Amino acid sequence: MSINEKISVEISSLPELKKPKLICGLPGSGYVGKLAIDYVIDKLQAKQFGDIYSSSFPPQVSIQSDGTVDLVKNSLFYCNTNGQDLVLLTGDAQPVSAQGEYALAEEIIEICKKMNVNEIYTLAAYITGKFSKIPKVFGTGTSPKIVNEFSKFGISKMDKGNITGMNGVIIGIAKRSSISGICLLGETSGYVIDAKASKVILESLSKILNIEFDMSELDKRAKDTEEIIKALRTQAAAQGTQEQPVGVPSSSDEKSLGYIS
Amino acid sequence: MSINEKISVEISSLPELKKPKLICGLPGSGYVGKLAIDYVIDKLQAKQFGDIYSSSFPPQVSIQSDGTVDLVKNSLFYCNTNGQDLVLLTGDAQPVSAQGEYALAEEIIEICKKMNVNEIYTLAAYITGKFSKIPKVFGTGTSPKIVNEFSKFGISKMDKGNITGMNGVIIGIAKRSSISGICLLGETSGYVIDAKASKVILESLSKILNIEFDMSELDKRAKDTEEIIKALRTQAAAQGTQEQPVGVPSSSDEKSLGYIS
Amino acid sequence: MSINEKISVEISSLPELKKPKLICGLPGSGYVGKLAIDYVIDKLQAKQFGDIYSSSFPPQVSIQSDGTVDLVKNSLFYCNTNGQDLVLLTGDAQPVSAQGEYALAEEIIEICKKMNVNEIYTLAAYITGKFSKIPKVFGTGTSPKIVNEFSKFGISKMDKGNITGMNGVIIGIAKRSSISGICLLGETSGYVIDAKASKVILESLSKILNIEFDMSELDKRAKDTEEIIKALRTQAAAQGTQEQPVGVPSSSDEKSLGYIS
Amino acid sequence: MSINEKISVEISSLPELKKPKLICGLPGSGYVGKLAIDYVIDKLQAKQFGDIYSSSFPPQVSIQSDGTVDLVKNSLFYCNTNGQDLVLLTGDAQPVSAQGEYALAEEIIEICKKMNVNEIYTLAAYITGKFSKIPKVFGTGTSPKIVNEFSKFGISKMDKGNITGMNGVIIGIAKRSSISGICLLGETSGYVIDAKASKVILESLSKILNIEFDMSELDKRAKDTEEIIKALRTQAAAQGTQEQPVGVPSSSDEKSLGYIS
């Protein structure tokens, strides 16, 4: 038997949607995108219609809360809100190899073509290595038209750097297939699971898509994140060192690391 | 010549078995599963009927006790005990790549289908980073029905985490092929080859399958493991440090690492 | 879907050229080759006619100065100067795997055959671990005839070592396809982006090809490099250590590291 | 274009040989096997008849003494000595991936079948981490018959451990193709390029094959190796430490590391 890498898409029944937009939130730095997408899936009561398995995912099963296992996978949901059809992509993991990432992104674009998706959003983290009071949202996209509209929504334009992993490759391959791609990046330290960053991304996204959903629970989680950060700071201060403790930099204006994932 | 990865299964003659159950014990942390399966193969005088070679195994030969070599491989045995047909999978190694693990697991499931295997057990280690007097057995499976019966056999249910490697992927792919999969994990420190963990797993397995075999030799080996652990502790104490020596934590109730492999 | 690695070449329209020579400058140590080729593309107003994408490139998009993204890729340009047709290869990255490098090099040689390219130059760095006042240019090639002419152009012949990465593999595969291949290596410390090394390579190249272009801007950048090196030295001296500071060796005649990439 | 790994064998003209034996000496620890095979090729004036290229070799070219480059490759030579036809395999490198090693070994076995090779010798290093006055030769093979004859030639039988890399995989795949395989391992510290180990392997090999060749030059190189070791020891002693200096253990009877490659 040949053992090339394989991707298999299992779709129970393809929903009939009207020019849906795809929003992707896969696990990455600070779980910013994953946390955001899972919140949207929950709040908009999105329905699962498909799973994607790949031999380039980490070779493992996840144990569910009911004690049963499932292979690591990505999952597709859909919903309609304020007249807008949405497809939502979440998952347990990103592929472990370069070609695995390219292949999965191509598979996702194939699904988009079948469903007439003409716009894709990937939700990512903008790692700065410091804690900021009010995290910014950065953005990049596949055309100047997209990028030039960012200022209307309070999104900061980027003009250099790379977006690594699925958040980048999905919109890169979208562009080659003439599908619009936008990557929104929530500013985060990279040290904690950051609900604050997830929240600001979702606020930007809801403005762009002109949709709404209850943010109160995410607000609460964002406050929890703040408490964790405060505790880390206090602990760092208690160590009374003059040097900046590793992992807990001040929120002053030191140069951003600008690491993106 | 193309050099894709390849798996080749060499079966001398497929035994005719009645709804056999597959039990897998491959090398991993603490050699818990491997040690257990090799003990069962020995005690039940199981007969070898097949070998599996893969170009994703470590590229090496093992030197046998008679001085000859053999390529790294996995091997299949069968036996009948108390009216129950068993297929037993042991091996020198697990694949070195993600796609190699998925492909080997798929190959094993193909063999299961040919042999009408409807239940698969993988024997794994539950790494805690500490030495426990009486190791627990943890379990997870492919359906709530399986999981809910664990308590009958003194097996602790899990509700989070991942099972990495072949022990996870085999039951994950089993589930997608509608074959029942159960992973039993013996609690172990992860610091020594742990016959105690192998023993408690086999005790649980024999209760579930309603089979029996002489455990006296494994008892002896489990006692040897205990001696090794005692020696490690004494040595650690002799160093007279206040801090917990690395690699030899106390068996007190510090938080489990809960690492699984 | 199978997810083997893939390369796709997108050529808008193949220019009709007369026995063009290919010059390759991909990112590597000191950005020596990349900086040189981009300078040539700019000065000779070369026109882009193709892009090469590969699933063995790093899985990421690059953010352009206008805020839009593009998949990591290699790009092909052409121009005519002093009666000589040139094809120029630049790019964002080299492949991340061995087979990805071999496959991309083969693809490039295929393009060369279609365009009747009979000579290929790769521009590389010769890492010495020290800063030299006037960097040397080293050379190697696919035939003794090529190598024996180096002295005419002030290029130092090499007689051992390896050239790793695309700069090596491209001319290695060129040789197997009976295309002449020359690798020019600019001496560089390996510690800074080195415009001085790029400049000396381009000087050698213009002598070999009997072409000319305005070097004033590269001169300026080479001077900037010198300033950076001077600053590093001053800083090292201020630390007042007797030992040679790591990363800032003197330009004396200590043995070259001779690392090539 | 698909970019699977590829192996290509370029044979100028297959020599007609009578039941030749294949001897393999690829670069590895201490260069024991490579040094030995290159010495045999030189002394027996073996003729090159083929090259093997693989996309799983390190992606680089080697610079030859005449200043020209060549892709990393393995090469095949043949000769006749004392009525015995020999095929000799040497090379610049071993593959960088597991599947690359398996695929190359399979390709080599295919060549053996075409040439009616019925016996393969791989020359390897037995790493002990210490310097021994008179290095031993260890051996393993594909059948008990082979192994039982080792004592006749002063070769020590092994009964555990693994042989990693091409030296192991070649004889492992030979066994599956019913070709006899023998691995001879010269005892070496692993710290220096060890001509002494190469010499003792060749002495054993010439006894087994009943062939002869002038060993005087290798004797000289073995003495050079001894001088290097002596210098290392003196240097270690001069440092006057009580502890065993790293890298220069005494030749006393401390337990062998038994690392094989």
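By written order: A, B, C and D. Residues from 1 in each chain.
Here is the rule we use: a residue touches a chain if its C-beta (ideal position, glycine included) is under 8 Å from a C-beta of that chain, and two chains touch if they have at least 3 such contacts.
Since this is a predicted model, take the numbers as computed values, not measurements.
Engineer: What's the overlap between the neighbours of chain A and those of chain B?
Structural biologist: Touches both chain A and chain B: nothing.
Engineer: Could you find the chain whose CA centre sits the greatest distance from that of chain B?
Structural biologist: C
Engineer: Shared numbers divided by all numbers used: is that above or below half for chain C and chain D, i.e. same or different?
Structural biologist: Comparing the two copies, chain C and chain D contact each other through largely different residue numbers, since under half are shared.
Engineer: Once you find the CA centre of chain A and the CA centre of chain D, what distance in Å lies between them?
Structural biologist: Each chain reduced to its C-alpha mean, chain A and chain D end up 51 Å apart.
Engineer: Can you check how far apart chain B and chain D are, centre to centre, with Cα atoms defining each centre and the answer in Å?
Structural biologist: 36
Engineer: Spell out, as numbers or ranges, the residues of chain C touching 2 or more other chains.
Structural biologist: 4-6, 55-56, 100 - these are the residues of chain C that touch more than one other chain.
Engineer: Got a list of which chains touch which?
Structural biologist: Here the touching pairs of chains are A-B, A-C, B-D, C-D.
Engineer: Chain B touches which residues of chain D in the complex?
Structural biologist: 4-9, 54-56, 98-104, 106-107, 110, 140-144, 146-148, 150, 157-166, 168-169, 171-173, 175-176, 181, 183
Engineer: Mind listing the chain A positions that touch chain B in their complex?
Structural biologist: 1-6, 53, 55-72, 96-97, 100
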